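Right after this note come the structures.
What follows is chain A paired twice: with chain B in the first complex and chain C in the second.
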Partner chain A sequence: MYRTADRRAGSLWLLACRSSAAVTGAAVLAILLFLLWFSLPLLDADTLSKLLSWDWRPFHGGFGILPMVAGSLLLSLSALLLAFPVSVGICCFAHGMGPSGPAACLLRLVKFMTSVPTVVYGFVGVFVLVPLLREAFRSGSGFCWLAAAVGLAVLILPTIVLMLHSQFMLIEPQVKLTATALGMSPAQRLLHLVMPNSGRGFAAALVLGFGRALGDTMIPLMLAGNAPQVPGSLLESLRAMTAHIALVVATDSQSLAYLSLFACGLILFLSTTLVNLGLQLLKRPEEDKG
Partner chain B sequence: MKRLSIFLCLALFSLAFGIQAANADGLDAFKGKEGTISIAGGTAHIPVMKDAAKTIMSANPAIRITIAGGGSGVGIQKVGEGLVNIGNSGRKASEAEVSKYGLVMFPFAVDGVATVIHADNPVQALTGDQVRAIFAGEITNWKEVGGNDGAINVYARDESSGTREVYWKKLLNKGTVVASANVVPSNGAMKLAVSKDPNAIGYVSIGHLDGSVKAPDLDGVQVNQEAAKSGQYPVVRKLYMNTKGEPEGIVKSFVEYITGPDCVEFIKAAGYIPF
Partner chain C sequence: MKTGYRLFSLFCWACALLPVAGVFGLVVFLLKQGWGGLGLELFFGDTPPLDAIFRFAPVWDGIWPACFGTLAVTGLAALTAIPLGLFCGIYLNEFPRGRLSGILDFCVNLLAGMPSIIMGLFGFALILFLRHTLVPDAGTGLLLSGFCMGLLVLPYMIKSTQASLGGLPEDLRLMGTGLGFSKSQTIRHILLPSAGRGIMSGVVLSIGRAAEDTAVIMLTGAVANAGLPRGLFDNYEALPFFIYTVAAEYQSPEELQHGFGAALVLLTMTMGLFLAAHGLHHAMEKRWKRG
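After this line comes the complex of A and B, so read on.
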């Protein structure tokens, strides 16, 4: 009796799961189709060459979105470069290199950071970081690549830390007995056993952090200065694709400037999709091993 | 006790109706009508719309008026697609927009756009040529226009801004703006950025001017709404309501109410000049 009821509940549950998976998949597919449909008018050679140029001056006939593509890439890579070493440090501290009390506090703090809305980081950045950079370097307005990179680094730090943390938690029980038997200290265990076995975790953390940095809008919009140019230094203004969409979306909807947004949206969508596919490819061999 | 509260309620009601009866002259058009008016678009318009809506709705509770922001472009799009009754814009709808959607424009107020610099900047006056050279990146240091030795940080507005459009057309003469100019997304953000940066130059709607930033004289003309109204200060724009086709019913009454004599005070209170 119980077993049939169980099975029925199980199959119902399975059905619910499958249909929600189908809905989610369909939604993503619908977004892609929608973007492609609206990008269709861009696909003649003339428009495309206009869009794929380095000159964004919509009121003088320049509709190039390449500065924004470059801005997004530079910004998210630099944020990753800042956040990744710090995240690895935090994880090492939490997994054996630091005393357990502060380590637990640190992890709790990082978990709390995930719940801070990005606009709050943006606000603090505008009032604290930007004036600080302006005073410290005396070059430009303070709204710059560096300000946004630091803001984004703070934003993606918890993503990277928690990804690494869960990977370490996975490996640790597997090697704990051996390590203790060999008389290893927790720090030695981390350095010689856990970290060398967490290669895929590191890669996954990098990929996720990059995706998060690439997709964020508020921080680049509020801190990067939004000048449509390729920055010559860390102290110059740049514009990310996400901020570009936010700035131009309310413009005349019959203009090429407005259409260029769909190109930006498509590029963003495809790049985050690629990043996620990369993540899937990274995860798969591990499952085979298990 | 109960009787007292009933009495108080009655007294309040009669008081409220009495006040309405005394003020009802411009609101007559709404009498006995009901329905919903939805409004979206330009953020500069909101204070005026809100005051008018409050007055109309308290005089006639059967009418509901909803007001949303979104910016000039959003206002035009939404009214064009039939999502709202009135789409506000701080710029004239483009010819493509008018012909695609069949928009009718109703200007109701005039707003000036002022050049702003940091409150402590010693520069008191600029000429139009100097402003144009600064925004084009030809003048890059404040000492070239009589200020301190410091590199000028140029701030501009986003592509969809009505404020940007009028400033660029009427003061910058459609000239180029230096590519390294920072771009901020609203009048409020512009004021914040300029008030914090001692070497900044930017522009905001005159309605937004306050002590946190300074508006230097332009070509010898002091920048304020009076100068904008008299025509001495040329960098002005109109604030529009847009409808899809000629408005009808209570929407028509609303448009007439805003452009009529009743709203003059609301428009002045928001810092604009009645059209």
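After this line comes the complex of A and C, so read on.
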């Protein structure tokens, strides 16, 4: 009696686990299939050439998404350029350059930063950063590439710091004895032993940060000004792919505009996949070694 | 060389000060601007609070509908993500099947890195698809948002379940075998209770993530000034979306004040959830730390 009940319970558990796993896998597949299905018209050479142009003026028949692709790339890379050195500094501070008490607090603060809603960063950016830039440079409205890059840098900073931190945690114990035996100062240890051995961690942090910056919607949408153009300078407006999707859905438009939205979605999906593959590649050989 | 090290030290200190200044600046700025507006009027306007909460009296001049919408979406997302994520995490950790789990693991990682706007676009496409095929009058709404948000936070849930189960000492598994438990009994009676706090921290983390995300709800049914939703398929207001619309197109100082209030409320909410998740995670690690 008990036995059958137990066995039934056991198989129920397995069934629940398996079906949840199947649903999760199916969800990812469904997302890809939907994006592909709605991007199908792209296979038409004429439509494709229309979308792959530098001109976005939906009311004059211009549906080019290249400005947005360029905007996303420029924005993510510049945010990475801002956030990465600071993250390295923070990580070094936490691993010996600063006193241990404040270092622990700093790490906790950075972890806390992950919980601040993106939209709150954007909101504060609109009312603090944008007026500041407008006053400082006296050009335009302040909604520009630079504002969005700074906002995004703040957003991706914790991601990068925590990735570097976990890498440093792996390397530190390996070099600690050597460093102490050689009488190295913390700065010497970090610069000559820890950092040169953290190449993979640096690369992983860069890739992860880039993926996070590329995928964020609210900061570019709220701070970058959203003009569909390739910015000539840091003080000009740009539009990211993510912001483009949000804007086009909001303003109901013709079918080619919809198509541009799914094309952007597909590009984002594929870049996410690439980022993930990159991370896996960076992770793998290390596991083999250990 | 010596100056080089000194410069490096200076650089680290400067970098360390940046986030401190940033976070304090952010919190102080929000408090300064939003503190005056905090109060029951911020939430309910002129409507009596109890009427608004229990009798669904319409609130015209407050952020209560937005709070309600956020709670509803978060709840629906939790309903989707928690059971799915829990079982999927158990599957990945306890019933690994070689290649198949490898693929699933990759899917979970992919889902975790997916921009939230893609999840919103997926929901939007789902509605377009339904309109063309089965349900001609399908529209965006609460249920769709909840589902897409659930998918967005699903990987957090899976990963924390996996990590909590994986972090348990091997003795616990042996104990199950020693007691003559079957695999599912071991999971049900030994492993899950031991990993409870870790899994809970994943739940709380997912809820926090679902409460703050804006891109998903923007594409799947959040609108400005919708009032309380009348059903699962109705459009609704949400806190993050409200904050966004205020920043983009506020028309009066009162509206701006509400925006600051809403930002403060949302920040407090996610901060509380984060601290709870952190505490649970910490308790979990402390309990099973070796040596």
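Assorted remarks:
What we mean here is this: the second predicted complex is superposed on the first by the 260 of 290 C-alpha atoms of A that agree within 3 Å, B and C clash if a C-alpha of one lies under 4 Å from a C-alpha of the other, contacts with A are read in each partner's own complex, and residues count from 1 in each chain.
Assume a contact is a pair of C-beta atoms (placed from the backbone, for glycine too) under 8 Å apart; a residue touches a chain by one contact, two chains touch by 3 or more.
None of the values given here were measured: they were computed from a predicted structure.
When both complexes are superposed on chain A, chain B and chain C occupy overlapping space and clash. Of the two partner chains placed by superposition, A:L256 touches none, neither chain B nor chain C. When the two complexes are overlaid on their common chain A, residue A:P117 makes contact with chain C while staying clear of chain B.
Touching more residues of chain A than its counterpart among chain B and chain C is C. By the touch criterion defined above, A:L52 reaches neither chain B nor chain C. When both complexes are overlaid on chain A, the residue A:V126 reaches chain B and chain C alike. Contacts of A:A246 after superposition on the shared chain: both chain B and chain C are touched.
Applying the stated contact rule after C-alpha superposition, one finds that A:L66 touches neither chain B nor chain C.
Looking at the shared chain after the overlay, A:S20 reaches chain C, while chain B stays out of its contact range.
Within chain A, the residues touching chain B in one complex and chain C in the other are 126, 221, 246, 249-250.
Across the complex, chain A is touched by residues 5, 8-9, 11-16, 18-20, 22-23, 25-26, 29-30, 33, 83-88, 90-92, 94-95, 103-104, 106-111, 113-122, 124-126, 128-129, 151, 154, 158, 182-185, 187-188, 208, 211-215, 218-219, 240, 243-244, 246-248, 259, 263, 266-267, 270-271, 273-274, 278 of chain C. By the touch rule above, chain B contacts chain A in their complex via residues 70-74, 76-77, 94, 96-97, 100, 151, 153, 155, 158-160, 168, 174, 176, 179-185, 192-193, 196-197, 199-200. Those residues of chain A lying in contact with chain C across their complex are 6-7, 9-10, 12-14, 16-21, 23-25, 27-31, 34-35, 37-38, 85-90, 92-94, 97-98, 102, 106, 109-124, 126-128, 154, 157, 185, 187-188, 190-191, 211, 214-218, 221-222, 242, 245-246, 249-250, 261-262, 265, 268-269, 272-273, 275-276, 279-280.
Note for the complex: chain A touches chain B at residues 57-60, 126, 130-131, 134, 139-143, 221, 225-229, 236-237, 239, 246-255, 257.
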